[in-house]
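Scrolling down, you'll hit the structures one after another.
Below are two complexes that have chain A in common, paired first with chain B and then with chain C.
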Partner chain A sequence: MSPQPIIQVKNLRRHFKVYQKQPGLMGSIKSLFKRKYKTVKAVDNISFEIKRGEVVGFIGQNGAGKTTTLKVLSGLLFPTAGEVSVLGFDPWDRKPEFQKQFSLIMGQKNQLWWDLPAMETFLLNKAIYEVPNDQFEQSLNKLVDLLQVRDILNIQVRKLSLGQRMKCELIAALLHNPQVLFLDEPTIGLDVVMQKALRDFIKAYNQEFNATIILTSHYMDDVKELCERAIIIDKGKLIFDGKLHNIIDKYARNKILSLVFSQAVTKQKLEKFGQVKEHKQNGSAYTATLLVPRKKAAAVASDLLKELPVEDLNIEEPPIEAIIREVFQSGNV
Partner chain B sequence: MAMSKYPKLFKYIIVLQQYWQNLFVYRMSFVVWRLRQFLSSFTALSVWSVVFANQKTAFGYAQDEMITYIFLVTVLYNIILSSSLNALSGEIYSGSMSTKLVKPINVFLSLGFQDLAHKILNFGFVILESLILYFIFKPSFIFPNQSYELIFIAWVALAALICFIINLLFGSIGFWSPDSWGPRFLFYIFLDFTAGKLYPLDILPNIIQKIVYLTPFPYMSYVQIQLLLGRLQPNQILPITLTMLAWTVGLILIFKLVWQKGLKNYTAMGQ
Partner chain C sequence: MLNFRFKTYWKLFWKFRKIHLMRTLEYRGDLYFWSLISTIWTLFSLLFFDLLTQTGSIGGWERHEVLLLIGVFSILDAFTWSVFYHNMREYTRAVFSGEFNQYLTKPINTQFLIMTQSNSFNNFPRLIIGGVIMHRSLVALNYQPSFWQVISFLGLLSLAGLFIYLVWFIFATLAFWFEKLDNINDIIPSLRQIWQVPRSVYTGVTSLILTIILPLGLMTSIPTEVLLGKASVNWIIYFVVITFICFIFSQIFFKISIKKYSGAGN
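Right, the complex of A and B next:
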């Protein structure tokens, strides 16, 4: 039997009223007396369910509604309309029994006390979440070792690097072993090594605790490595919900043909086979990349082998980030 | 989930301790804040000492009475007022409040304990500063035979609570605008003139006194000192207590409404 969903969102809407200022000084003076407001539909009628243990990636451009959805799920924002249930609770009620079971980590907002060492926030969270001493010691030791931050626990947070701070943020958020994690851009601003370390850690946490995780990120690597399922949101609307690899089937129009030639081939000759993305000569190596419609890829490859001095040929799917970029740019949703 | 072994208020004691730790990081800010309060008290006492240089009474007060009044009111003012919530509206407007709102902690109790931490620390300094002022101005305390210590303490606690709620209301402005400095500034100006900090309110014309008594300000230092100095009739105690309670309940109700409306308007990110 498949597990029951622990997050249920039905026809969720969250609209904001935004003040619109006319440009210039006159606009500022006018705004003293009369202000114009515009309603922004940050989340516009989205529905989805998430089961225990799932790791789901929220993908979307800036302002698409990803963070707003996470904030509604955490009980921070009051939904304009729709129903939301997390772990059987209405998040807006902000019941302590609910709050003890989830964590919201925002890459751009600190929960650590800026002027005190991270250890002080850990102790505060221990008290707030009423974590028993032995569980606290055990969780802390484990998290500190996994994230390798033992030597910085007693240094003021403001003196730590961004990566060190993010690791400490994660520890502070996980000391009470939450069942549900909302991660909003957890790797933002981090270098690639640190991004990888955090991803590995999130994956391990999911496996060990069977935790349910929703992750938003601008880095497709985060989503590709952690999430089997993706939800794409655009302008507040849900446009895709399914396995990550299905995005390719649904949206990829082309395949990529990478070619190596034994002799020089002109760009004009290549153009009759497909869209030339790259065409260059590197010493004695002649290479080119073509985009061809998915259904014709095999036939075009065969023609290329027959008609041109092809030394090597590869047919590949385009990278997922390119597909998503194309989806958003073309408005083909 | 493991059963909690924590006493209910334990988490708030930790909040209180950490607030102190944070204040100690910015020692200079705290020292300058105290210096400002000290100089303000010193100025008020100096001005009144000058007024009495060539006369024995002014506005119905003898020099000793007036110096004693100003001395006591400055001490009390420092205990009742607090600057611990000055950053609240900014916290709400910028969305930093979110990290508190998602945790299993009562936000008001947490802010209340922050305020308490601030008051305890201030109280220690007020004692020290009062000793210095005492040796400079040598007020002669004339307390009445009949004392009302318990009522006095209750009135001080109620005044501190009223002030706390007013500060929460100013903080709530952050749900709509970052602009809470202006209204708060105006509030403190009014307070200085109507809470009896600079002079006892009974030296004001009757009509102004009547207007001032329609606000909560006279209950935020003036009436307490009048009680302490025996300048109130026993039959005034009950009406004043009831008025303070009415202000407390009324402000709590207003705050609840504003906070609920604000939370629904909260964007958790800065607007």
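Right, the complex of A and C next:
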């Protein structure tokens, strides 16, 4: 029997009224007396369910509605319409029993006291979340070791680097061992080494606590490494919900054929097999990259081997980020 | 359960005080400077009213009665600046910047967090000065209030603090309705002079507005009158009732307003 969903979203809508200013000084003067408003459908009738222990990636362009959805799930925003249940609670009720079981971490916002060492915020959160002494000690030690920040706990937050601060933010948000994590761009602004460290940590936290995690990120590496399932949102609408690799089946029209030739082959010759993405000669090496329709890939590869001096041939799926980029750019949703 | 939560809130209240004391001590120059400014301000205010009352009374209040009221005002004002100003400023800033998320996701009453999370220690000398002025005025008046008068005075002074907080909170909550209100937290400070004088100075329409409709004129007068044993029971009852009405209104207004929170960007 599959586990019960712990996050249920049904026909969720969140609309905002946005003021539209007319250009120029006259527009500003007119706006003193009369203003035009436009309704922005930040989230427009989306439904999904998430089971305990799942790590789900929210993918979408800026303004697609990802953060708005997370804010509704956290009880920060009142939904315009629809039903939302997280851990059996209506988030908007903001019951302490609910709030003690989740954490919202936004990469661009922080909760650490700027003028004091991070340890003071940890102790404050211990009091806020009513964490017993032994659990606090245990969780703190575990998190500090996992993130390797023991030596910076008593340094003023304002003197820490962005990566060190983000690690401390994570500790502050996880000291009460939340079952549900909403991570909004947790790796934003971090260098690649720190991004990797945070991803490893999130993965370890999910495995150790069977925590349910929703993650939004502009870095596809975050999503690829952490999430089996992805939800794609575009202009407030849900356009894909499924296994990450299914995005390829659904949206990738082509496969990539990488070729190495033993002697020069003209571009014109290659064009009859598919779309030539790359064609170059590097010293004595002749290489090319072709895009061919997925269904014909095997047959085209066979023809290439027969007709051209192919030394090496590789058939690859296009990278997910390229597919998603293409989906959004073409509006083919 | 309730007892457990009370302990949590009590602990949190002092935790915040400790954090702010630590923060204040990080910037000692700032602490010295602002303590000096607030002390000078109180002494000038005292000097002004001392000069004003040397030739007679204000609104039927004798010189030392007025000075007693100034002492009460100093204590209330020091408290207002120390607690409300910092918290309200932080509250509205958080709403405009979207950092209000931090208050809403914590398993603690949002209004408790708003009201207690911040404070300043710069006005501490003013509290002492206010107490000294009160003591000296009572000695000059040769008046010894009874134990119950002192208790009633403290209760009504707390109620005055609550009323000022509620009115300020209602104004600050307008932050949910507008994209920007820079001077939203200057409204109440700019009205402080209203309760720096006895309520009897207000007559006619001004009295109707400042002692009945928006009774800011009662804030120091009623507690001082109680201490002097010349308070009217009707005014005390009105003071309690209007504070209660204001409390109910502020709660309803907050609940409606919070639905307008958009979290600054999505």
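As a working rule, the second predicted complex is superposed on the first by the 333 of 333 C-alpha atoms of A that agree within 3 Å, B and C clash if a C-alpha of one lies under 4 Å from a C-alpha of the other, contacts with A are read in each partner's own complex, and residues count from 1 in each chain.
We adopt the following convention: a residue touches a chain if its C-beta (ideal position, glycine included) is under 8 Å from a C-beta of that chain, and two chains touch if they have at least 3 such contacts.
Quick caveat, the model's predicted, so the values are computed rather than measured.
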Fit or clash - chain C, chain B, common chain A = clash
Could you look at A:I315 and tell me whether it touches chain B, chain C, both or neither (first, second, both, neither)?
-> neither
Which superposed partner A:L116 touches (first chain B, second chain C, both, neither) | both
Counting only touches as set out at the top, which of chain B and chain C does A:Q135 meet: first, second, both, neither?
-> first
Name the contact category of A:G63: first (chain B only), second (chain C only), both, or neither.
-> second
Go through the superposed model and pick first if A:A127 touches only chain B, second if only chain C, both, or neither.
-> both
What is the shared patch of chain A, the residues that chain B and chain C both contact?
-> 16, 19, 67, 71, 74-78, 94, 96-97, 99-100, 102-104, 106, 109, 111, 113, 115-116, 120, 123-124, 127-130
Chain A residues touching chain C - in the complex, by the definition given at the top | 16, 19, 42, 63, 65, 67-68, 71, 74-78, 94, 96-100, 102-104, 106, 109, 111, 113, 115-116, 120, 123-124, 127-130
Touching residues (chain side chain B, partner chain A) in the complex | 1-2, 4-6, 10-11, 14-15, 18, 21-22, 25-26, 95-96, 98-99, 101-105, 263-264, 266-269, 271
In the complex, the residues of chain A that touch chain B are 16, 18-19, 67, 71, 74-78, 94, 96-97, 99-100, 102-104, 106, 109-111, 113, 115-116, 120, 123-125, 127-130, 132, 135, 156
Per the touch rule, the chain C residues reaching chain A in their complex are 4, 8, 11-12, 15-16, 19, 22-23, 26-27, 98-99, 101-102, 104-108, 110, 179, 258-259, 261-263, 265-266
